[in-house]
Amino acid sequence: MRVATRLALATTLVVLFGLSSAAGETPAAVPLPPYAGAYQPQTVDERGAWMMADEAERSLRDSPALIGDPALNAYLQRVLCRTVGEDRCRGIRIYILRVADVNASMMANGTLQIWSGILLRMQNEAELAGVLGHEFAHFERRHQLNHFRKARTATDIAAWAGLAGGRYGPTVAFSAQTSIYAFGREQETESDMLSSRYMQASHYDGHSVGAFWERLMDEADATALGRHRRSTRFDRVSYFDTHPATLERARTFHAAAASAPGGGDDEHAAWTAALARWREAWLEDQLKLNDFGGTEYLLAQLGRDGWTQDLLFARGELYRMRGNPRDLIAAADFYREAIILAPDHAEAHRGLGLTLLRRGREVDAETGRAELRRYLTLKPAATDAAMMAALLS
Amino acid sequence: MFGRIVAVFFACAGLFTLAGPVAAQEKSAVRPGFVLKPGSARILLFRPRILVGAQSTGAMFEPNADWTEQARENLGKALAAAQTTLGNTVVVAPEAIGKAAARLAAYQALFATVADAVVEYQFFAGNRLPTKKRAGQFDWTLGPGVADLAKDTGCDYALFIGTEDQYGSTGRKIFQFVAAVARVPIVSGSHKGQAGLVDLRTGDLVWLNADMRMGGDVRDPAGASKRMMQLLEDFPGRSLDAAANAESRVATR
Amino acid sequence: MAGRVIASATTAILLAVAPAIAGNTLVKQGVAASVARSALTVMPDREWNRMGARPGRRSETWTLDGATLNDLTFYGAIETGKTLFRKVDRKHRPLPRYSSRMLLTDIPMLLENSYRIALGTSLMTIDTVQPTLLAGSKAVRFTYTCTRPGEDVERRGEAVAAIIGRKLFMMSYEAPAIFYFDRDLAAFRRLVATAWLAEGTR
């Protein structure tokens, strides 16, 4: 009885809290913006959040996943500065991590981490500017702090509800947990709005961000389809989505861009040059995710301006990995096209050789062995040279 | 290695931190045959890893910088005081930089992994490995490469210390009480401490004191002193008189 | 985009207190042991511990000091269409499946991709690939390096795999790169050298 009463009371509080924040949360009279030079956190909660962030940043700095490439890091920092302004960007340290997933996040103390998976999917500098601006907005509005306070209240409710058990227990636990995510969504929308204002001020093409979200959404669809699941494309907000439904998001950006004067730059060439050194390695990470549909979509998007050798090779690998008889025929074609563009692409010869051997027909096997010999000639010190030589004997 | 991953998904099904069996569990051990005579050795001490926060009702960790600062200061003082009771010379390692810092971090991570393995596979009876069951046995190591951390210090042993405290918030404590009535065991707070002495010639763990439930509130000086006493309890080669004096000092506060 | 960070922190807390599955048993020295509920049999020349928790239906793990310090896993008679270990998240992160149509050279990639997906890390690389024998059949021996997210311990591994009667048999050994990997690598290789398939149970 006692537990049930407390539960009801607590749930009411959460609802009230949710309403008040939905009504529009205006951060009242904050003394100093967090990006001001040598800013010190003010309250117990803020100091706690900064301490955790400082600790996390230290381990991030030494993370084996960190991509240290000075040129790439300098490029990202330049884009951030152009987007949010020279005075503000100084409060931020960017860390690029080699993780084959779409994410970027901001910590309370100005530590911005961005994963290789999201960079791989961008097609121009303006899209990068949009994402960096979005993360910066979280920092500027101190979202980490508010999010943390709210999360504490919500999980408190979940613990009580789970204990109460019985008929209502699970339901209440569910809605309390989702309120954490709902709070996240409001902040995400606020950051999106702020981000598109930065884009306009810095003369980036605001439309490109909307296009980026649309592609992410299409890719999720392609992944789902490839796994025989239903589409994840939501016009409404899914319960556990931290972020606003991507469709709504794409619309926000398109609307903001339409009202902006002039087109703005997308800096496509600068982006392509900056990414050149890394794309092949990141494509390889993507291939290893066992996501045929999504990867096929991604390759098609990246190949819109022409199929380059790295894309053709990746596509060959993708089809060879799935390995249905028809896939092996397609894979061999992609490798051959890659070899036409780059006759000395050792791994393409390797892929073609293994594909032909797997087809299991003697006529193919002979050509396959010739391809593997070519691979070994091009790359005699390959780590799998002995194994390939064994296949030839 | 994938057992743990699978366990996450089972664990995520419930939001509770269920207490394990409260059976008497070993907390410290000495390598058989290891003796440390007072005044015979130099011990290298690395900067302890300290983290303090609160655990809200939903078992979420709330970091608290003020508490951590207090704990760092209190535990530092308590350690400085306790150092004199260890019966041997203690050398505080200077802050490592560059490559040396990365190497130290790698060994600290390995120490934490080994200490956790000792707790899980030797101290905790329910999951003990058969080869670790034999009476009087304590055979764990970081490997001889650990000597690189102490080059030119002239030290014989290295002392690693780490603490992680989550205090139950008021909500968590009330919840714990109600849960007790409902016969669901819930732990309020979590107080993890690890202290280990490593032989710098062999890398062998010669003494370890590790526990998931330590006493002493590290946020106040007396509690930090108690925690340090507990961490260094049974420390081999401790001069008993000095230790007794220090303990009585704490007791009279 | 901060939600995932929070979620994984919660997971880490729950993980820390997840009750361990008990029932570890002793593997005796000099007594033939059939492993992974299959015909795969080995003759240990030293004592090992068999972990009560299995990574999958057709696998089992042995250790000396705990699976975080040395992990020897056997995969026995994996059939076409099966994954190497239990699925972590079947819907959103399905693991790749073994197929008897694979070449031996495809097996390192099968393990690599399974690890990357199950552990959620891009820090897994195959370092060398060489021909060898397992239980008298043509096999592949490969080495790898991996780091789990949120952990500073780098691990190295070595594995030997063969396709026998269209089924996959594999033994892998993995330990922290500092000290542990080198210390017990020889013991693993000796064990691999003793492996055979028990008659009539293929």
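Read from first to last, the chains carry the letters A, B and C; within each, the first residue is number 1.
The rule is short, and it goes like this: a residue touches a chain if its C-beta (ideal position, glycine included) is under 8 Å from a C-beta of that chain, and two chains touch if they have at least 3 such contacts.
Keep in mind the model is a prediction, meaning the values are calculated, not measured.
Novice: Let me spell it out: compute each chain's centre from its C-alpha atoms, then which one is farthest from chain B's centre?
Specialist: A
Novice: Could you compare the number of C-beta pairs in contact for A-C with that for A-B and name the larger?
Specialist: Top pair by contacting C-beta pairs is A-C.
Novice: From the C-alpha centre of chain B to that of chain C, how far is it in Å?
Specialist: About 31 Å separates the centre of chain B from that of chain C.
Novice: What whole-Å value do you get for the distance between chain A and chain C if each is reduced to the mean of its CA atoms?
Specialist: 29
Novice: As a quick test, compute the distance in whole Å between the mean CA positions of chain A and chain B.
Specialist: Here the centre of chain B sits 37 Å away from the centre of chain A.
Novice: Using the touch rule from the top of the page, what residues of chain C touch 2 or more other chains?
Specialist: Residue numbers touching two or more other chains: 10, 152, 154.
Novice: Of all residues in chain A, which are in touch with two or more distinct other chains?
Specialist: In chain A, residues 62, 151, 155 touch at least two other chains, as defined above.
Novice: Give the residues of chain B touching no fewer than two other chains, as numbers and ranges.
Specialist: 59-60, 105
Novice: Along chain B, where are the residues that touch chain A in the complex?
Specialist: 14-16, 51, 53, 56-60, 62-66, 68, 101-102, 105, 171, 175, 178-179, 182, 184
Novice: Within their complex, state which residues of chain B touch chain C.
Specialist: So the residues of chain B touching chain C come out as 1-12, 17-18, 20, 59-61, 105-110, 113-114, 116-117, 120-121, 124, 126-132, 140-145, 187, 190, 203.
Novice: Taking the complex as given, what residues does chain A use to touch chain B?
Specialist: The touching residues are 2-3, 41, 44, 47-52, 55, 62, 148, 151-152, 154-160, 162-163, 173.
Novice: Along chain C, where are the residues that touch chain A in the complex?
Specialist: Checking each residue of chain C against chain A gives 1-6, 10, 91, 94-96, 99, 101-106, 109, 112-113, 116-117, 120-123, 126-131, 138, 140, 147, 149, 152, 154.
Novice: Can you list the residues on chain A that touch chain C in the complex?
Specialist: The contact residues of chain A facing chain C are 59, 62, 64-65, 98-101, 103-106, 116, 134-135, 138, 143-144, 147, 151, 155, 180-181, 184, 188, 227, 229, 242-243, 285, 288-290, 321, 323, 354, 357-358, 383-384, 386-391.
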